[in-house]
C-alpha cells in the first residue's frame, strides 16, 4: 500500500510537468500538440548525449535539454503554428502540423541516436525504507525536483506579468490584445515554456527509466489522457489529471499484469468523457 | 490629405470591410481633448466597428486615423495601448477564470512604473465592491460588477483616450445610472477623452458633448448632444415614432 | 441527388452540384488501377504488393473521410481495422470459414461496434472527439493483447483462398475493392445524405433547425467508416496471413487521417491521392535510405504549410496564382 | 386553444434567471413580436420555443401538443422552425445548395432510397429543386443562387437564412432579428417580405430591436426586460406604455448630465 502511494506520487509529479506543458500550449494556441512526447524524448536524449557521451555533469545536461527543447518549441510556434493560425484555417490543420513535427523529431532522433534505449546512471545512490515501502534516493530527488518545478511554474503563471498575460491569452485573445499584450510574443514564450517542461520531464526521467527515440507517441498519449481527465487548457485540470493518471498507473501495476492497467484506464477514460465531456475542470467544448 | 492632424483625434474617411461586407465607409470623426463623444445608431450600424478600428482590432480598408499628432492606423493594436488608448469591448469581456485583482493588473500590463500598486488601491477605493471580491474569479461577478471591473481594468493603463463599447448593455436602469455617473467622473477627474458607443441613446446624449449617429456604416447625423436629444429624427429612429 | 438533378433539370444545376467531374475522375481511376498499374508492374511482386497496400490503405482512409464529412477528426480507424482483422483471422482459423464470408462479417462486426459506441462518442466534438478516438485505438490494441493468449496476441497462418494466391490477383482484388468503395462513397457524397453530412459539418445547429436528425446521420457516417475499417483489417490479415495487436497502432490511425488531409478533404479522391502519394513517396525515398524518414517528415510539413487544402487543390491554387498574375 | 402557447416558461443558468415565468400565446397567421433591451432574455425564449434549450419550468405547446422536451429536429418536423441571427447559413455552399439541402422535411424517399436513386428520390430531388428555386425567387435571391454563401453581403445572407427556414415547411417561423443592421429602405423591403411569408399561411414570431419595423409589422407585441414580461399589447398600446419607453431609452434622469 505504501509502495503504491510512493510510486503514484513520483509518477504524478513527473506527469504533472508533461500535463502542464501540453495544457499551456493548448490553452494559449488552441493546438493539441501531438509532438509533446517527442519533445519529452528529445529532452531525455540531450541529457544522455551531454552526460554519457560528452561527459559533462548531469545538471548541465538538464539545463541544455530545457533550453534546446524550449527553443524547438518556440521555433515550432513561429515557423508552423503562428502561420497556420494567422490564416484562420481549420483547427485540424494545426493538429496535423503537430503530427508532422512529431514525425520529423522522432526520425531526427532515430537518425542521431538510433533505436536503443538510452539511460544514464542515477544521480544519487541508495534506497530509503518507508514502512513496508522502498524509495530509491534517485527517485526521491527526481520527485523533489519535479514538485519544485511544478510550484515554480504555478508561481510564474500566477504572480508574474508574463505569466498573467499567458493565462489571459488562454481565456480571451482579443481582450488580452486590448490590454496591450503582444499576443505573438506571449504565444511564442508560452509554447517555449510548455515545450521546455516536456524537455525537463524527459531529462529527469532518463535517470530513472531511460528514454528511446520511439517513446514519444506513448508519452503524448499519456499527456492527452491527463488533459482529457482534467479539461484541456486549464492548469488546475492538468494537475488533477496528472494525479489521477499517476495513481491509476501505480494502483494498476500493483494489481494487474502489464497492459491490463492501460486497457482499464482507456475504457474508464472513454466512459468518463461520455459522462463529462469537458473533463473535471474544463470549459465546455463546442 | 494633410500629413498630420491638428485635432486631438481625427478619423479621416475611414472604411472597414469584413470579408467582402462593408461595415464602415467614408466615416470621419474628429474631436479635441477632454470631452465625451457619443456614437449612437442601430445594431450593425458600424459603431463597434469604429471602436475596433481605433483600437486596432480590425484593419482599415481606407482612410487614416490620427491621435495626438501621430498616425495611428499602422500601429499594432497592442502598441496603441501603450500610446494611451484603452478600449472596453462589448459584452464585458473579463478574464473569467482570473481573480478580480489579476484582471486589474492585466489592465496595467503596459506600465512599468512604480505607481501600479498605488493605482490599484485608488481603483479599489473607487469601486469598493471590487475590493470585497478581490480574490474571487471575475466570471462569478454580476453583470454590473463585471462592467465596473472592465472599466476599472481599462483605467489601470492610465489611458488618455477611453473607448467604451455599449457599457449599459443588458444592465438594470439603476446600474446604468451608476455607469453613466462613473463615465462623467472619469472625464472630470482625469481629463480622459472618451468615445462612448451606446444603444441607450438618451443616456449617451445626456452625458456627452457631441454625438454622431451612424446609419449602416455612414454618419447620418452629427451635432451637439443637447441638440440631438431634442431632434425629432433621433426620437423617431429609436421609438418608431 | 446530384445526378437526378442533372437529369431532372437544366445542365447548370449539374454544374452547381458538380457531379460530372466526379464521374470522369472515377473513370480515370478505374483506368489507372486496372490498366496502368498492372501493365507497368506485372511480374514485379514487390511493387504489386506496394500497390495493394496503397489501395487497401486508401479504402480505410475513405472511411475516415466520411467522418470528416460530418466534421469529426477520427483517430480511431486503427481500432476498427483491428476488430475487422481479428474477426477475419479468428473466423478463418478457428471456424475455418471461407474468406469471402469472413470479409462481410468483419464489416458487420466493425460497423456494429461503431454503431454501439458511436452514439455516445459522437456527442464529443473537436479535439475531444479526436483524443477519445485515439484512446479507442490504443484500448482496442490492449484488448486484443490481453484477450488472445498465444503468440503475443497474434493470430498466424491465416489461409488465403486459391483465387488470391498471386500478387497480381490480390492486387486486382484490392483495386476492385477500392473502386467499389470509391464509387460508393462518391455516390454517398453526392446524394442527399452527402449534402446532409455537409450541412452538419458546417453547422450542426442550423442542420437541426431544418429538421435533420443529426444523431442518426452522425452514427450513419461513423458506421460506414467503421465498416470500411473492418474490411481493410480483414484484407490485410489475409494479405499478411497474420495479425497482431500491434498491426494497427495510434500511428496507423493518424496515417489514415494524414492521407485524407494530404489528398484534400474537399474531394472524394483525396484519401486515394493522399495514400498513393505518400506510399509511393516513401518507396521512392528508399534509395536514400538514411534520410528517407526525415525527408518524408519534411515533405509532410511543407505540403501542409503550403497546400493546406491538400494535393488536389494544387490545380485551383495554380489557377488562382496565374489569374492573380495577370 | 391557442395555436402556439408559451406557458410559464422559466430558464435558469446557474444562479441567473434568464427567463422568468413568461407566458403568451400566438394565434394562427398572426405576427407577434418579442422585444426588449439586449440581455432581456428574448433569445433564450426563442431557443426554448425551438427546443434548443430545455426549460427549467413551464412548457411550449403547438396546437395543444407539448413541444418542450422534444429534440430540436422533432420540433422542426412538428412545424416550429427557427432562423438564426445574421450569418448563420451553410457558408461553403451556394445559395441554391443551401436551400435545396434545407428541404429535408416532407420527402417521399428514405435516405437509403435517396442513395440508390429510386424514382421517389428523383421526384423528391425535382420537387426540392423547384421549391428551392421558387423560394429563392420569391425572396429576391434568384440572381445570386449560384454564388457561394460566404461571398454574399449581409442583407442577402439574412434573406438566405429565412429561405432556409422556409424550406423546412414551417407552420410557425421564428425570426431572430431579421431587420438588424438594415437601413430604412432595406427594412421596408424586408418588412414586405415578412408580410408575404405570413400570406403564405405561416405564423410568425419575431425577435427584433428595430422598433420602427416592429411597430409596422406586428399584430401584437410582447415586451421583456430582465427575463420577465413587462407588457403585452398592440403596437399603439406599447408605444404609449411608459415602462417600455424606460426599458428602451433608460429613465430620463436629470441627475445624469454634464
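Order of writing sets the labels: A, B, C and D. Residues in every chain begin at 1.
As a convention for this text, contacts are C-beta pairs under 8 Å (C-beta built on N, C-alpha and C of every residue); 3 or more make two chains touch, one makes a residue touch a chain.
If you're wondering where the values come from, they're calculated on a predicted model, not measured in any experiment.
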item: Co-neighbours of subunit C and subunit A - touch as defined; value: none
item: Where subunit C and subunit D overlap in contact partners, by chain label; value: none
item: Far-end chain from subunit D, centres as C-alpha averages; value: A
item: B-D against A-B, pair bridged by the larger set of C-beta contacts; value: B-D
item: Centre distance in Å when subunit A and subunit D are each reduced to the mean of their C-alpha atoms; value: 48
item: Rounded Å distance, subunit B centre to subunit C centre (Cα mean); value: 53
item: Subunit B and subunit D: spacing of chain centres that average the CA atoms, whole Å; value: 32
item: Centre distance in Å when subunit A and subunit B are each reduced to the mean of their C-alpha atoms; value: 41
item: Residue numbers of subunit D (touch at least two other chains); value: none
item: Graph class of chain-chain contacts, one of line, ring, star, complete, other; value: ring
item: Interchain contacts, given as pairs of chains that touch; value: A-B, A-C, B-D, C-D
item: Partner subunit A, residues of subunit B touching it in the complex; value: 55-57, 76-82, 86-87, 89, 93-98, 102, 105-107, 109-110, 153, 157
item: Residue ranges of subunit A in contact with subunit C within the complex; value: 26, 32, 34, 80, 83-84, 87, 89-93, 95-97, 99-101, 103-104, 107-108, 110-111, 217, 221, 224-225, 227-228, 232, 259-260, 262-263, 266-267, 269-270, 273-274, 277-278, 285-286
item: Subunit D partner contacts - residues on subunit C that touch it in the complex; value: 1, 3-5, 7-9, 12-13, 16-17, 187-188, 191-193, 195-196, 198-199, 202-203, 205-206, 208-215, 220
item: Subunit A-touching residues of subunit C, taken from the complex the two chains share; value: 73, 117, 120-121, 123-128, 130-132, 134-136, 138-139, 142-143, 145-146, 249-251, 254, 257-258, 261, 290-291, 293-294, 296-298, 300-301, 304-305, 308
item: Residues of subunit A defined as touching subunit B within the complex; value: 158, 161, 164-165, 167-168, 171-172, 174-183, 234
